[in-house]
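Next come two complexes, and both contain chain A; in the first it sits with chain B, in the second with chain C.
For the complex of A and B:
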């Protein structure tokens, strides 16, 4: 490890420590914002973990997020909290494997279609089950977790996710993933088991997203399917990862922070119009910055240096 | 009971077939995966609702207004949004990704606009809500009309695609865009036209749906989903396949709703989709290669 790398790790650790102490100098509103930011940074990074290199656009973020949140709502009374998180992760994993095994062998568009309606499907199934079997729609979560606890958990998860993304980027599986994203035929000829690599990454990304939902669930106190399966969450995650650049380690983070703050401002000031504004913004990003802000500034920087 | 279910299933299936035909044109010929398709349908449904309950205009005349409007909207969306993406796309996969992302954004724009204008409530209107007796069971006249409209519009489209020179050119683009250009077909123009025609079909589907179903500004996703599944089932770009797959889906859904539970229809749709993906990903009637 050279001096530069040590310095980078030192800075990352210092930032993490500074962020961990944020609750002591921020008010309740500040902590709420930080929870949202930490949540979306994790969601966007986890999304980009799979969808960035493979270019398979997953529209199912909120399906897994909702599974996590709803599992907590159902199990928090009967199981200790760590086991609840574990159960949520396991359910997320199983759903991801079902989706992945049935679609990832095929062309990417089947995967997109399947994920597109997945949240709606799970929402309707949960609603049906609650109405017909348990007879109640909507549940309360009474967990002894303050906003600080939620924030610390999310911060830890965000750090782990970034670490995982960094590690995968330089491991064999990360290289395999890059080849798959560039050309699947070449990847197959290199002896890469395409379906298995994609499945593993998709499952990992889905489990992290499920955990974000599970950890954030106690914030709501009252949970019902329409709240936790809100498609805006899928949409925001996607737009954040794309704005920053889904192929870069820090891209999703760079996209998530400003867009989350913008979203907060928009939903406070234009509650009825924010979906239109975000939609237009999203289209603009697809057109102007197809590879994200990071790649764009790098290109500008290189052009400036070449001159 | 069973005759009622079959009739209701055929009505629903006819509507699905109609909307899936539009999507199969957009995806099979114009090569645009349009995730905002269902929201175009719902826009037309709201248009028909506004015309009928606001100005007392008969939905059949509403159809004559909505279809050209859908054509123009589809044309504009293709020319303004999709054409730049097509022009910059290196290959089919990158065009697919770009179009998925762009239309996903469009979905939220259209949904947001509908939400602002019409609110988030369930909407419906009562038109021709009188019983008609067929084969010993009663069916609402509006459903019957919806079925007849789906059959007429779908049949006309099928004839146009298979019997005319113009339709043959469109199908040639669906089979192979690069070879179509070699025999003097303007692929770009055909793609634009197919996308606009898909928009017109979405509008027709929306007006037909509004005659007998309740809908909200958020219903678009479900219609896109169902249309996509029908398209995959029938084989991408295959109009006759979309027609039969739409009828099958409608029948299955109605039977599930009648004999199991109405809350499980989407689950049944997904189950069919899963079986198709595992068993014949190229569609029930498609060729084995993609």
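For the complex of A and C:
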């Protein structure tokens, strides 16, 4: 490890500590913002973990997010909180494995459509179960968790996710993923077990997303399928990761933070035109920055150097 | 040169973000009071916009206009301050409504907050209203757990009753008609597989059983169902004189149309949300007569009639016959409590809890922070949706059964 690497790690640790103390210098509104940012940074990074290198565009984010939130709603009365989180992660893992095994052979637009349908499928399954078996639809979450607790959990999860993404980026499995993303045939000929690698990454990404849902759920007190399976979450995650650049470690983060602040600013100042502005913005991102902000700045940089 | 450029880029980026943050965080300055800030976050877009656009938003607009036209909110010393509104769109997202309420309380520092639309959203913001010390007059939230919530959040008020109240009242109406020999004791019942339908049907099953009514048909249908013919035919075949649908507005309208097409004429026809919308009568005219649902009004209450007229003039649409008038009454209660106690939220909450108010509902008083003077069952009679249960409440109309068969329009 050279001096530069040590310095980078030191800075990362210092930033993390500074962020961990945020509740002591930010007001309640600031913490609300930080919860949103930490949540979306984690979601976007987890999403890019799988979708970045493989180029499988997944709209299943909210399916797993909702599973996490619902698990907390169902189990929060009967199990201690850490066990509830574990259970949520386990359920997310099982669903991801089942779904992954059956669909990762799909490619391109078929996969996109399937993942979008998955969120709706799970939502309808939960609704069916609640209607026919338990006879209640809304569930209450009365956990004694303040916004600070939720923030710290999300922050920790975000840090872990970034660490994982960094580690995967330089491990064998990360390399294998890059090959798969470039050309599946070549990857197969190199002896890469395509299905297993994709499945592992998909499952890991899904578990993290499930945990984000589980951690955020106590903020809403009341949970019903329409609330937790809100497809907007999938789209926002996607656009944040794309804006930053889904192929880079810091890309999703650099997409999520400014976009989240921008959304917040828009909804505070233009509550009646939010959706229109949002739509225009999405179009602009896809047209102007198809590969993300990071790739764009790098290109500018290189051009400047060459001059 | 590159180094300088990098720094330059970072600086610009940082500056941009800082400006963004500064613009977003408009901090209320503590200048001399020229207005009372009232804030709310409500679903102006998304799946909840339909309900909010009928029951909640028009009443907020009407009330603010009424108050400001009269010179503003009156304070205990007799002075008047105009209302300044801070409004946000929660885009039908639970996370958004939570953050918007945090923003209202801590950034905009509003004096009072009005509630969002829907049971789920009122519950989502309840802990925040409580933590920041705002009274919460939750109107469009039907919940049987109100007594528990009141204990948990002392400044919360629940004004639309719970599923059990509506189900028991309906059962009582049916038993009465059965005793009179108007209908048999069989009920065919369908319900939407969503919050409202499930709450009501789970309450109705035991309520009907207790009342000695036989549920001959009991089916749930998913959101988005548009063809009800199979359900209607099965209900018809069940031999029940009573057909109950705990439905949402689109289904309520479809059920009405398709019952006419299939010549389904139950002696009692009870439909869900949407029956009390003014457009329901406009669409169905005479055929609406006799159809029952939740809510209702006292047709002889002059205050209420005047309110309905003003609502239509100001907002361009009539109020519905269930939650609208309660929403407006809740605002009048807040207005009156402020007049008595000023802008001290603690004192205003106390006053809301214990005081008696004159509203468009007549004399209004909360019991254990809940409004219990409600019309649990209503019926279309002479072009108005009137309250028929509880039958012993002053102003109750007499229920007219059996319902007339459909007439060709």
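Structural remarks
Please note the rule applied: the second predicted complex is superposed on the first by the 295 of 307 C-alpha atoms of A that agree within 3 Å, B and C clash if a C-alpha of one lies under 4 Å from a C-alpha of the other, contacts with A are read in each partner's own complex, and residues count from 1 in each chain.
To be clear about the criterion, contacts are C-beta pairs under 8 Å (C-beta built on N, C-alpha and C of every residue); 3 or more make two chains touch, one makes a residue touch a chain.
Just so we're clear, the structure is a prediction, and the values are computed from it rather than from any experiment.
By the touch criterion stated above, A:102 is placed in contact with chain B alone, chain C being left untouched. Of the two partner chains placed by superposition, only chain C is touched by A:297; chain B is not.
Contacts of A:191 after superposition on the shared chain: neither chain B nor chain C is touched. Of the two partner chains placed around the shared chain by superposition, chain C is the only one that A:29 touches, whereas chain B remains out of contact. Contacts of A:227 after superposition: chain C is touched, whereas chain B is not reached.
In the superposition on chain A, A:82 contacts neither chain B nor chain C.
Residue contacts after overlaying the shared chain place A:140 against chain C, while chain B stays out of touching range. By the document's definition of touching, of the two partners only chain C reaches A:271; chain B does not. Residue contacts after overlaying the shared chain place A:131 against chain B and chain C alike. On chain A, the surface patch touched by chain B in one complex and by chain C in the other comprises residues 124, 127-128, 131-132, 272, 274-275.
Residues of chain A touching chain C in their complex: 27-29, 32-33, 36, 124, 127-128, 130-132, 135-138, 140, 142, 216, 219-224, 226-228, 230, 232, 258, 261-262, 264-265, 267-269, 271-272, 274-275, 297, 301, 304-305.
By the touch criterion stated above, chain C contacts chain A in their complex at residues 2, 5-6, 9, 17, 20-21, 23-26, 44-45, 47, 87-89, 91-96, 98-100, 102-103, 105-107, 119-120, 123-124, 126-127, 131-132, 145, 152, 193-195, 198-199, 202, 220, 222.
Note for the complex: chain B touches chain A at residues 33, 35, 81, 84-85, 93-94, 96-98, 100-102, 104-113, 115-116, 221-222, 224-225, 228-229, 232, 261, 263-264, 266-267, 270, 273-274, 277-278, 281, 290. Considering their complex, residues 55, 57, 59, 102-103, 106-110, 112-114, 116-117, 120-121, 124-125, 127-128, 131-132, 231, 235, 238-239, 242, 272-283, 286-287, 290 of chain A touch chain B.
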